[in-house]
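Here's the structure, in structure tokens; my notes come after.
Naming follows writing order (A, B, C and D), and every chain is counted from residue 1.
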């Protein structure tokens, strides 16, 4: 049965498999000290137009979020996030486990509004009980969001300006970064992301890797001893080569962007097909996740032939579902989905 | 330059690479819910003669240690370990980061003595200030130890009996488990390990995998919601297939034992060569790590041709060094090492 | 200048001071092992009609909340609270610091609604992603709430039934418990509180003590080694006598209830006076905290003569303020306040 | 039965009780914002000859240790302590609970040796695996130590110099500070303690208060937002007046020093009496704790008449016991002890 359940259903991009095989018996130092990691870091710095960037390779998204957040906050600080942000919902309390509160503001199809962020921060610093409360210590956004939406350059500049006003670092969760940057509606580039954030990561797990997230501190502003911090969080891979080789491959000849664009092409084809078919969209997403509303009877029938993700109950008779494409989605899967709709 | 630095210098066993390639485009559920994980778990249960065992796949050793220990202890409990135990030395305080103290007792070439464990526990429970102190909540040993030594079946039975007396679970860190079980001096089997412990792990990272440790609760005694706990610790891999396929391969046709034995064969050949060459051993190790004492001038000369690990300063003029073999050590590397000694 | 700022502006009830003086040179064991603590515990058990209750004396409210919550939750669990609950707002993230998330539901003048609690819990346990999320592990309510409101017996029974349905303990923050129980609108008794909760505390700091909160596990259901847990949290007082003597005094001849009722009498007189004066109430409170809306110009003038607490901005020209009475409020303070209104 | 069990057997110094009574109905702001706290801080700054010092009042010793240590360390750092240090033994793992390791070096009758501290730190920073280990982040000593011993000015200067060399803050646990400073063997003054440390506390609980420890950052070097940190740790007292008034009393007309000296006078009289009586001392203590070795039969007999602390088993027939004096020890208690010896 074909699946549109998520963007991590397959293994790794074939070029990654090739490189892993070709380098397999090279004896390399552990813990990210090998030359593939160095090479991958250099290529990432270049792609980000951030020559001073500190780059680290971690294994997965939840781990990366909790490690980065804990490393950048002081004990008495929390992280501001949309209430739908991944860190506050589907990470099993990994941020709180490190001692920090997730301070929520409303999410609008996954996005925060600059004016609401601003109000929240102003309210915090002017609260007479400020010193009895958790201090906002950084701002977290996801790009694209959990709803497949993306920020425009203007909105991101506004969020950046607010962070500057309140001296807070901005952290961009880029678990699906490529799928955002390659969206036809995106007016941001990777160098823009690097310029406008204090830390972000380039998701590998959902964009062609077996595993791996490349954390970038674009101004060479990694917290002191972030290397040791990753070790303490159990986030350092002994065979760092596995991460280095994957990212080195992704950032050779623009593979990361190419496969991201492919996923978006498939998503737009899927969206067109769903539109033609008369589906009602749950929300309008410009990236690789498409959300439609199905009658429950239709949903039940369809799920016999195609796998997809149940997103939300809409009413007694309808459910929102998610179809995700990825670097690995074959065009004929979309044709097959059409057949069963 | 050839390297004996450690047992994680190469990638993965070729059969693992093959399986990863062969299954690469299969669409599979995430988070360890795929059939490769199920198959690997079944094979591990069988190899352990533990049909009720709960098995989980985590990514790396430090992560596994801190996740398992935190999951099994109550807040007011600590873990008893040799003072040389990995958890108390080279894991950047990952156990303390989760709130727990490592309670140390002497290490004898990496091993704890049953009588010293017993004294420590008896002293704890009879201390009039017991309720003002950290309670011993579990016992941690590594097998083989950080010094390459192994426990005999008798000693392990004694430690087990002490744990039973004080109602403490016994945790065996098996990062190099295969290299211990295949040692000519070992009188323990994998089913013995499963029978005598409450939780242990079968190390993959150092025994043929890119990454991965298989945590086994042999009596079906996993702490409630251990799955969620791994998520909270950032220890759950989204593409669980990467771990499932690797362990499924290792536990097909006894590959894990075969490649472990190969590493031990290479280690014994190395040991013989070092003995013939008149080297002074730092300690007598029956596993894949061999420790010899070199004059510093010799060390400097040798390090131009061969990579190895500096272990400890012995005196002003001598240093203990470690040579490690693995599943990937070619016999000719030992010949080459001989040339430069 | 007279003050209605809060209910902890004065020292301790004179009878407490007397007892402290009278017993001062008695040599007593430390850490709560003295006979005054024992006596106080016995009297509290009797007042609660809970002969099996475990009772512990801690120092302050934030400390008590975070210690009790951490002691009762497993690592992967969070505490459900109104979004206005003290633990989520004015405790500087003390709960998160111990690793636990505060899971918020709407607050209605400080109170949770049984139906919203029920929906939240049902949604959690039926969520297909349940195992990737923080589990609700206990329910926290305050009585009276931060807004001076109280639950009726019927509502508390309903909340209890929901907790039973989902097997969750119910924790009642009783920092101002006496002021709730003595409210003319209250149909609950201390034995009701003990019967309907799994753990609660009898606030001393705000009801006549220098410091101290009596934690009650009414069914003898204290978590294992709660004594050691309080030590680990820095919540155990070396001279436990200070807490034991205070609570022993409060629970001799019903002093706790008597002084609580006095505070409520003063609050009702204050409320009447404010009503007569034509003040607009911010909300209707039946306990010792009264909230009215003042024009900002009036507020400024008043604050030259009387101290009170700024509660919330209502609009550009109006502010909600709080006047609190306590066991120590002299009737003439209310007269004086009337003069300046 | 008279007791020499510890130095916190009685309530508070009578002058403190008087001041508490005299100020009892003053309406004061909470959370340490009252004028008694301000006054006490000013007097402490003067007594320390540290005009820029930041001073905070916390409730108890374990709480103070864990709060100060957590506030001054980064996540990846641990605190260096004698293996007999209170933080590593009798505080139920409160330091580890905040995520930090206690890095132990040998204790010599409770004291660390400068040369062993230096070796430990040099070994740490030159370890090739440094980045995989817990970093020494501060040095903790107690003054007097848990064994009643004290550092000379020269030793403390040496320890200070080592801390400077490795850029580590020095924390002095002064739970019994007065009893150290007033020892006839002490060549250090309170200004010396302030000059030579980065943070220390002036113990109140054991020196005349009901509770309370005054934390001093002598160079105005409190960690940012230490106030909020104390709140997060549950270490902030709502009625801060209780602490402010006690310390204001202790630092008026030198009361702290006077009552400390009295305790030492009693200790020296006790020591003389024990010597005359032919007792064998367990160790030679110049402060208020005196340790002697008793035959077990004698111990049993004596314990029918006098309470004291069992310290350590010496051999099968002998036990080391502790007799402690305090500001409250009546001279006739020493006479009575003599009677039963």
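Just so it is clear, contacts are C-beta pairs under 8 Å (C-beta built on N, C-alpha and C of every residue); 3 or more make two chains touch, one makes a residue touch a chain.
Fair warning: this is a prediction, and the values are worked out from it, not measured in the lab.
Undergrad: Counting only C-alpha atoms to place each centre, which chain is farthest from chain C?
TA: B
Undergrad: Between B-C and B-D, which chain pair shares more contacting C-beta pairs?
TA: Top pair by contacting C-beta pairs is B-D.
Undergrad: Can you check how far apart chain B and chain C are, centre to centre, with Cα atoms defining each centre and the answer in Å?
TA: Distance between chain centres: 50 Å.
Undergrad: So the centre of each chain is just the mean of its C-alpha atoms; given that, what is the distance between chain C and chain D in Å?
TA: 33
Undergrad: At what distance in angstrom does the C-alpha mean of chain D lie from that of chain B?
TA: Once rounded, the distance between the two centres reads 42 Å.
Undergrad: Give me the residue numbers in chain D that touch at least two other chains, ranges are fine.
TA: 75-76, 91-93, 97, 99, 131-132, 228-229, 231-232
Undergrad: Can you check the complex and tell me which residues of chain B touch chain D?
TA: 75-76, 78, 89-93, 96-102, 128-129, 131-134, 310
Undergrad: Per the contact definition, I'd like the list of chain D residues that touch chain C in the complex.
TA: Per the stated touch rule, the residues are 2-3, 5-6, 8-12, 14, 17, 20-21, 23-30, 59-64, 66-67, 91-94, 97, 205-206, 210-211, 228-229, 231-239, 241-242, 307, 328.
Undergrad: Which residues of chain D touch chain A in the complex?
TA: By the definition above, chain D touches chain A via 31, 70-71, 74-76, 99, 131-132, 135, 224-225, 227-229, 231-232.
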